[in-house]
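First chain A sits with chain B, and in the next complex the same chain sits with chain C.
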Partner chain A sequence: MAALLRGLRAGRTLRGLCSVVSAPPAANPQCSGLTRGIHCAALRLQDESKSDKPPPSSSSTTHHEHYQTHSAEQASTSDPAAEEASRPNTSYQDQSGEQGEEYETEEQLQVRILNAALEFVPLHGWSMEAIAAGAETLDLSSASTGMFYNGAGDLVLHFVSHCNSQLTEILAEQHKQVQLGQAEQKRTADFLRDAVETRLRMHIPYIESWPQAMSILLLPHNIPNSLKHLSTLVDDIWFYAGDRSTDMNWYTKRAALTGIYNTTELVMVQDSSTDFQDTWNFLDNRIQDVVNMAGTAKQVQSTGEAVVQGLMGAAFTLKNLTGLNQKR
Partner chain B sequence: NPTVGYCIYLLILERVFAAFCQTAHVLPPPRDSEEKEMLDRMLRVDHAGEYGANRIYAGQMAVLGRSRTGPLIQEMWDQEKKHLEKFNEILAENRVRPTALLPLWNIAGFVLGASSALLGKEGAMACTVAVEESISEHYNSQIRALMEKDPERYTELLQVSNKEFRDDEMEHHDTGLEHDAESIPGYWLLKKRYTTGCKAAIYVSQRV
Partner chain C sequence: MAASMRLLVRRAIRLTHRNINVTTAGASGQTGCCCFSDAAGDRSTHFGFETVPETEKAKRVYKVFENVAQKYDVMNDAMSLGVHRLWKDMLLHVMHPQPGVRLLDVAGGTGDIAFRFLEYVRSQQERQRRRATRSMQTPSWQDISDNYSNENGEESKESRAVVCDINKEMLKVGKQKADSMGMGTGLSWVVGDAEELPFDDNQFDIYSIAFGIRNVTHIEQALQEALRVLKPGGRFMCLEFSKVTNPVLARLYDAYSFQMIPVLGEVIAGDWKSYQYLVESIRKFPDQEEFKGMIEDAGFYCVQYYNLTGGVVALHSGFKL
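Up next, the complex of A and B:
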């Protein structure tokens, strides 16, 4: 039910829910849209042929016929409640966290495929082959890669957003610890360094192919999304570092951290020291630069104020001396 | 057992302290990204407006600070400072991005206030009337929008930021009128110019 509500709210015309896992054919999966119906039909066919569990042949044919009539029509809002809950969940559905839910949305399916595809990235790089290999480990046809209109971009963006959410979880946990008094609040510089290091370490398993991922993120049609992910990442880090500014500092801080993050990422992809020690040293130095710069800016400002005060005082004295200050 | 009693006492104390320290949540947690965007835009503009109003009064004080109207302007400025503080709190709490044009509003507001004050006390009051009228109108349209969507959900926001602040701005508007704002020659033209400027500023701040 929760999955249905989420799907509806996504604002798509996702009227039906598609379940392409090898569930017993007694149930009738419904797919929305003609193209998805065709995909689903293809998947079902492949599925049946590839599945290890021998589906009862009679019900499979009836299901298949039933399915074909359904795939052509525009699926009406399916009522999962009408489907009996007797369909046993496979282990895949349990792993996706939808305990007791028989249906999953297309988004959830895509997420599962992309997660599975990540382990093939060292082998195939960030490409459709990796996605296809991932789909195959889930007993889906490699034709299911047709769902990913952006191809490798989908995989990279998914990985980036997955890492960002992991980092946010870690930071939120640390924040909670500090609030409960179980940990000390780190200094801003240390906090930033730890946060950026934690986030960049998530790239280590894929570091060989990371330059390819970075170039994919720079493709024009991927730039809006990758910028969005980057800005949420930087905003999250600053928020948990305790930044609550509501003036231009909001922008300067985030710009500085974006610069640090991007340059450190670039250093990391060509770093060959043990455990990327050079990268972390670079990161330390950059953060130190920013801290120094902030300190210098403050000094400049207070010096400027003092100078202005001095000039005003001198002007006032002059006015007194020349008698201009007297009231006539 | 005194240790247990002491522990319980500490726990209760901690709860009370935590509750006391928690700022009242003016906004409900956003339901989805659309609502968050709408609220973000509203708060961004409100914050920019209060910031600009602050700078306008600062400009006016710079010129008229030592005249007879000084205390009056100072009083209105203090109220605006309170509004700005409240919005700073709300923005920080809800992780809303402040408008990128703040430096522009900083200078423009100060220049506007100072130039209007150079026209004399009536000029300053005319500027106050025009600006406060625009801001009140803006708050009113926000109140209307929120009431249309879901009055119960946004009760706190409506109460604190919009209704309370809008009433304060209307008060400033009336104070300006009381103090001979309309007696300046070219009042209508001046007022038109200020209100158009404010409308443009509001439009831009919503987006940038």
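Up next, the complex of A and C:
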């Protein structure tokens, strides 16, 4: 069975290559052998599906992408099933009571459950109860929460990645505006400030329970994922701020922004001023600090060079005066 | 249309794989069920290491459990040295039932899983109630009156467990246990065949079957029935003996199974043959991966299994989505 699957996957990648090199094999009349026969049938089906849906709606294109890249996605989910790779679709019309809900894969269903669960977070906190309540709004039994092996961690990580992708969209939109000349390019400090503020404002609906979420993100088995999300967030912000550095600056800039983001987040959870004004002031000050430090660093470097040159000159003069530099 | 064609192709792939398995796996003889031999008339299946006609298997299994019903729990403790309690606790832990769910425990005879389920849910509800009262240290009159009206609504969140078994003797023993433990509320005892459950569609949140599915004549049918009675989003959980992966452990396990267990059966329960059947039926049951494939074929998603005690017992879980 594993060999069959490997053959199918190999066939899929080959087909990808073939479509680039030559015309796609629409029909394979001579298929000998059981394995190749099934393989050919699968190919024919894929072609059929492509021709069947000429105006692709968003759901079907994602479905097709899922079909192609499902093996890559396996690593991100908790499904160890190898057979799932050849079955990206969940229920069709043959499953009773699910008509009208066209989710394509289990991952998408899980995403829908988690999105529905976010509403219940103010009531139940970041916990399995919130996920169960979310599942129930989708008419699924609360037993389906068993799909989330990481429990509350799944919910928090989903929310974090959702916020990050929202921020990336906003930044990309702003970037496009600047490219089209409809908006002005902001200064780096202002850009960073606005980006961090936008991102942190997404926490406001859940600010009461955000300390619980932060502690969940710090659990040892969640740390790799939360660090990954944080690093992609910071990288995205710097990229859209226009940073194209390739030296040590790449690391220092991201480290600085990570520090700013984390400390501002901590200030935000205990901020009680109106509209979190204290937090934004804190953010301003921190960014100002970093900007000052960058300026100071440059000054220190040039001052240092000047001082060294001065000392060298003084030493040379001293040598001349004491007569050690005589060359007779 | 293309979508359903794809489903058909996948089924075809799996069927052909099964065909290859049946025709080439003559040496191991692990997959004893010959569903692909000639149709009609007397199909035979395995009863332990014997081959019997399918119609007879159910009767003989019934007789086995009729004989062992009285000493079932004692024998479980003796044979597994008490570890079966840990296995069942693990099942509940993985199940992690939320308050208000309905459980169907098939082949649940003496009710071990159902009892544990009710205890788990009740202790969770206790904890929630305690947490709620702790956060309301000084309730106002409004809060107190709200609490009174809430308590009437609590009844609808009561969890219920239904124990279903084909064997009346096992259910009788289970009912006696329930009465002696004082766990009357929330339990129902129903006689039914796992291949043809006497319940409507979409009734239960969780379907569990612990150490029972290997006694079913047509496992695929039992899986189909499980799919039918589960609500959308419901979970199928199966605890069953399976293949030990470690070769050293496997040899010890085989020696223990074939030498010790029938002897224990004779000494404690006075029944050698039933426990011989038990040990043989374990060997005839498909292994973890194959059973997982069968569950997926029946239409469950997100199927996963956990090996307990090195593979002696496997806990399979699937969802109806």
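Here, the second predicted complex is superposed on the first by the 207 of 328 C-alpha atoms of A that agree within 3 Å, B and C clash if a C-alpha of one lies under 4 Å from a C-alpha of the other, contacts with A are read in each partner's own complex, and residues count from 1 in each chain.
The rule we apply is simple: contacts are C-beta pairs under 8 Å (C-beta built on N, C-alpha and C of every residue); 3 or more make two chains touch, one makes a residue touch a chain.
Keep in mind that this is a model prediction, so the values were computed, not measured.
Once chain A of one complex is fitted onto chain A of the other, the partner contacts of A:Gln182 are absent, as it touches neither chain B nor chain C. In the superposed model, A:Ser272 makes contact with neither chain B nor chain C. Of the two partner chains, chain B is the only one that A:Asp235 touches; chain C does not reach it. When the two structures are aligned on the shared chain, A:Leu109 is found in touch with chain C, with no touch to chain B. When the shared chain is aligned, chain C comes close enough to touch A:Ala143, but chain B does not. Contacts of A:Glu129 after superposition on the shared chain: chain C is touched, whereas chain B is not.
Within the superposed three-chain model, A:Asp247 lies in touch with chain B and out of touch with chain C [touch as defined at top]. Overlap of the chain B and chain C interfaces on chain A: none, as no residue is touched by both. The touching residues of chain A, when paired with chain B in their complex, are 9, 235, 239, 244-248, 250-251. Listed in rising order, the residues of chain C touching chain A in the complex are 1-7, 9-10, 12-13, 16-17, 94-98, 100-101, 201-202, 205-206, 230-235, 292-293, 296, 299, 301-304, 317, 319, 321. Here chain B touches chain A in the complex through residues 32, 47, 87-88, 91-92, 95, 97-98, 100, 102-103, going by the rule given at the top. If you check the complex, the residues on chain A that touch chain C are 1, 4, 34, 38, 41-42, 45, 48-49, 52, 78-81, 83, 86-87, 89-92, 94-98, 106, 109, 128-129, 132, 135, 138-147.
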